[in-house]
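First chain written, first letter: the chains are A, B, C and D, and each begins at residue 1.
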Amino acid sequence: MAELVYPGAIHTRFQHALGAMHLMGQAITTLQSKGLMVMDIEKEAVQIAVLLHDIGHGPFSHVLEYVILDQINHEKISELLMEELDKQFDGRLGLAIKMFNGTYERPFFHQLISSQLDMDRMDYLNRDSFFTGVAEGKVGVDRIIKMLHVVDNQLVVEEKGLLSVENFLNARRLMYWQVYLHKTAICAESMLIRIFERVRFLQQENLPVEIPGCLETFIINKVSLEDFVSDNKYLKSFVLLDDIDIWYAIKKWQFSEDHILSQLSKNLIRRRLFKINIGMDYQSENDTIGYKEKLRLNNIPEDEMKYYFYEGSISNSGYFPKNSNINILTKNRQIIDVSEASDLPTIKALSNIVKKNYLCYANDVYL
Amino acid sequence: MAELVYPGAIHTRFQHALGAMHLMGQAITTLQSKGLMVMDIEKEAVQIAVLLHDIGHGPFSHVLEYVILDQINHEKISELLMEELDKQFDGRLGLAIKMFNGTYERPFFHQLISSQLDMDRMDYLNRDSFFTGVAEGKVGVDRIIKMLHVVDNQLVVEEKGLLSVENFLNARRLMYWQVYLHKTAICAESMLIRIFERVRFLQQENLPVEIPGCLETFIINKVSLEDFVSDNKYLKSFVLLDDIDIWYAIKKWQFSEDHILSQLSKNLIRRRLFKINIGMDYQSENDTIGYKEKLRLNNIPEDEMKYYFYEGSISNSGYFPKNSNINILTKNRQIIDVSEASDLPTIKALSNIVKKNYLCYANDVYL
Amino acid sequence: MAELVYPGAIHTRFQHALGAMHLMGQAITTLQSKGLMVMDIEKEAVQIAVLLHDIGHGPFSHVLEYVILDQINHEKISELLMEELDKQFDGRLGLAIKMFNGTYERPFFHQLISSQLDMDRMDYLNRDSFFTGVAEGKVGVDRIIKMLHVVDNQLVVEEKGLLSVENFLNARRLMYWQVYLHKTAICAESMLIRIFERVRFLQQENLPVEIPGCLETFIINKVSLEDFVSDNKYLKSFVLLDDIDIWYAIKKWQFSEDHILSQLSKNLIRRRLFKINIGMDYQSENDTIGYKEKLRLNNIPEDEMKYYFYEGSISNSGYFPKNSNINILTKNRQIIDVSEASDLPTIKALSNIVKKNYLCYANDVYL
Amino acid sequence: MAELVYPGAIHTRFQHALGAMHLMGQAITTLQSKGLMVMDIEKEAVQIAVLLHDIGHGPFSHVLEYVILDQINHEKISELLMEELDKQFDGRLGLAIKMFNGTYERPFFHQLISSQLDMDRMDYLNRDSFFTGVAEGKVGVDRIIKMLHVVDNQLVVEEKGLLSVENFLNARRLMYWQVYLHKTAICAESMLIRIFERVRFLQQENLPVEIPGCLETFIINKVSLEDFVSDNKYLKSFVLLDDIDIWYAIKKWQFSEDHILSQLSKNLIRRRLFKINIGMDYQSENDTIGYKEKLRLNNIPEDEMKYYFYEGSISNSGYFPKNSNINILTKNRQIIDVSEASDLPTIKALSNIVKKNYLCYANDVYL
């Protein structure tokens, strides 16, 4: 939804997957040039794994993960799909799957696919920075990759790459504030969630609502991971779904006879977005009372209020020291955590988690 | 001397001056579009001032400022030269000079020329980042300029530009470590300083040394600011000097009959640089004793040791809160210091000054 | 469809429209700086006109123009839509419409919108070159715009911009061969056309085929310009249509009970494209006979052959001297055609039209 | 001297040499990936050869080749220097030298170093286009390199790279007109040549003129290839010379007591350049008479006229079919000349040689 803020940001997950695979090739070549033994079969596997790492994402991943699906992590679905492909390709994805889920005996491969310094982030930060024009997210990927090393099968960064790693962590933190958690994107996502909640309500109450083909399965019930595993039809339906189906449905729903659904759909498509109070601008009590009152004046009944009014919070941190941490290889060959490696005060500051509450509400002009 | 590390970094001060003038034009246009009154004559003056802000730099500015000149700040010489030009142009640079030295009644013009968020830094950071390839130094200049505002004739940044300013301060700090204070550049500059100290010694002892034309004035005595002001011949000689003269002299001195001078000159030209221990690698006492011993074994007498052995320190900080600070204009129209404006912990960390000691010494292979 | 060849080429018409408007602003500013009088209202109008110049394009413009619509030029529909907007905005688009359709008294405005050197081409060539990565299509737009001038209300280019114009014409010619007429794109478009022809056949024969909502109007009959003018419902349906509807329909049709429709749809979506013989590789008689024979062996009956087999031709030229020609302003203030302005032999060569015949046919592996 | 027109164009021959070596590495890797056998020793040799291909260039190569040297091609001196290095490195440059001078048994290596489609041109065109900002000179190097192939040890280009080759030839032709033969660069070079002619005259007439050290050898006599070969001192002096010496001398000569020398030197340094009539603007007879008359009015005596007045011609062509032509490998594996390979009319037009006469003369304002 960041496209509504940054009109250049229409790049696709397919491009990201190709990019991450490309960077993985460079990373492996670099590590080999430093004397690490990597077999051809391993190189192929780690490139397959990163090419497919996001394949489990549905359209508008958050909507599907939390509203349509029953909070299934997309990585679980990626793994299910890789297993499906593994069957079709006679077991040739076995090694890639092990690397992906972290059960392969050489953990650095998994770290290159999924960690705080993985090829996934290397690619999406630069790509998103480029297509949004947010210069602050640009990362010196070439140099970080050149600084990678493997010691005892663990991924490490040479000490002289320390400043580049710091800049990378900083860039990621800034991209979260400027792009991924941009208030306008939050508003639009909020509307999208409300739309699907309304559709499910209508469907459950047997009120008329047209649900285009492959979406229906996921409206009737929130599909759980157990469902996916026990009945193959869910995966089959899931892979048919893409953004096309979602947008087609919303275009349809503009003309729904349900007033709430048509209003939300029409407003989303015409970019008449919710408004938002966030962070220091958000005065919990007061705002809540004031905006609710406004909505009541617009004849929104209490039980429909939830479609027009929404409180939540976002949080962001540059570095999570406890979560698959980044290791630095010092000049005297010791391995220490990045937050300890530096005589600079800034890296530690990046470990703080900053949380912001927000209040999202319909613009009464468009009611 | 960073060119020895980053071979692409051969861009010139002339290009930087044009770039800073260009950005100044954009900044003024932005401020005008926000309703600020700027007269044509003011716009011209501030662009002249920034075009000429570095004109007082001699070749290899540090050498000339501290070794050849008597610690005269280049900005003083810039001002003297502007005054000279002012005479030639019948007083048409008067306003530019006032803006440059901070005596004009609207201080934001001076802040655009020289402050912690001036057009000078905006240009050189991006330019140096580009030509060195150090991605970490890239700054979102377009956006920062769009966020500029003037309140009560003071330059401020709108609150929503806060993250861009933070990124700018970070980028500058990183560029200092990665480029301006790069250890190899320090070594080369160290050699250059030693060369000039030796030349002055030879000249003062009446030992034979050929000093090409316009350099001589500045070898006989360190010229002071008073000299510049009292006798116009110093300025006249100074403007004739450029990198050409320095390099020509060093090329000559390779063949000097003085062994120290020829050795230092030859080694600098052939990129046989001094070595350096810096920061955590630098063990004051031990290193000093060890390396001096090595030099003694190469028959360097005690009184010549200073040409081959040098201790010093570098320091760096992202933001100096007391020094022409950066003001943020909050959404409710208050003006506060950038380090107070944020609910983020990182900006305060940038105010710390980090200092590193180092030891520079001749590589005994080349003695 | 070039996206199938160049995966980066997913940029949108909206981005192009913004880009063309941006360049128009630069062009007008340049012309004003050369002393041309342009009123604010004219500047706004010409920017509106170029912003909206492509608004009449339907999804996959060629399919809609020639298969669904009755060969209506998209510019006619753009004009109808502008008139619609003109009503909504109380006549404020009147001047823009005049400039767009060429009836305004100062023709250079129309030439900036639509001619062989218009802002439309300036934008799309550079944009398409950038997103495809086809370096040959890069055009020195900044310089060409700086070389523009207006004499007697006609757009001209100063003589010293001659080489840039030549390069621009060349770049356009190369982009046609490399991108717009790329053989793989032709194949995919060919399949898309066949799909819609089949859908119309099924609909006309009353055979079962599901046609999603707003598409239906354009399947039942080819809508003509007269229809658009006489009944507003066509325009209303047309603006609801976008790529979403087309792709949603094709996704549906994969599962059609009509074998031809499902096969073509499935193959297009899975990128199992037609094959093609083109230009010097195309041996009219022989190829026709040989490939038809192959298709017969795959049990394609004669009356269905047209869905799997297709002959056509493409043509391309760098410069059309008779068609709104490019005028050069020589140093002695004469105006001559670009092909006469040069002592270079190359520009005349660009006027030749090169035509290539081709044969497109289904890959029998996927039948 | 193009720097006087394009202030960004201060990139160095060293950067070009590194760039050409880099592209050579890519070219060899591409050819290997297509099945060509290249030994490690060959790959190293061809990279050495291209790294050193320009090492024989003196400062301001044309001045030295035609005015100071006796028309020695710089490639001859490159070869002499490689042979010198070969001695120092115990014969390890032998293979590189063979490839460089075309005596190695696999000619495609020489063609990659020096032909109409060599890595030299690939690098300098893109580099010069980038640093001048002349967009027309940008070349799709990545693609051309990917299209290279070797058949019977001859370098060829696959047919589908035809348009890229055409664009490359076009770009080169345009760069000649826009940059290398830019009229302002011709003027400045003309002045430089006149300066050196005057210095030689003064030296030969025993009139006072200071010639800085290593330049003197080349002023006393034009050094010939025989001199270089027979006496090693010439090569030794030659390698000490660089732009520094030339500019230092010209700075000196500004203050020469010879009026002509000081005037030309001062004017060159202050960018008070000659004027020029070129191409269609040049009316041989009339111009010659008119401008000479003007100079006479400024009291230039007849025998000094040659320092202020100069006629010459430049010529340019996109493709020389007879001179190490570019071979295309057609789809049916035939090899034909690029000008025959195409059904496009444009490539033949590129073979025409366009010649322009010009007249260069001192601007009387600065006499």
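Here are a few things to note about the model shown:
Operating definition for what follows: a contact is a pair of C-beta atoms (placed from the backbone, for glycine too) under 8 Å apart; a residue touches a chain by one contact, two chains touch by 3 or more.
Computed from a prediction, not measured in an experiment: that's the story for all the values here.
The set of chains touching chain B and also touching chain D is empty.
One finds 53 Å separating the Cα centroids of chain A and chain D. One finds 43 Å separating the Cα centroids of chain A and chain B.
Looking at chain B, no residue sits in touch with two or more other chains.
Viewed as a network of touching protein chains, the structure reduces to one closed ring of chains, two contacts apiece. Chain pairs that touch one another are A-B, A-C, B-D, C-D.
Listing the residues of chain B that touch chain A in their complex gives 134-136, 138-143, 163-164, 166-167, 170, 173-174, 177-178, 279-281, 318, 331, 343-346, 348-350, 352, 354. Residue ranges of chain B in contact with chain D, taken from their complex: 7-8, 10-12, 14-15, 18, 212-213, 240, 244-245, 247-248, 251-252.
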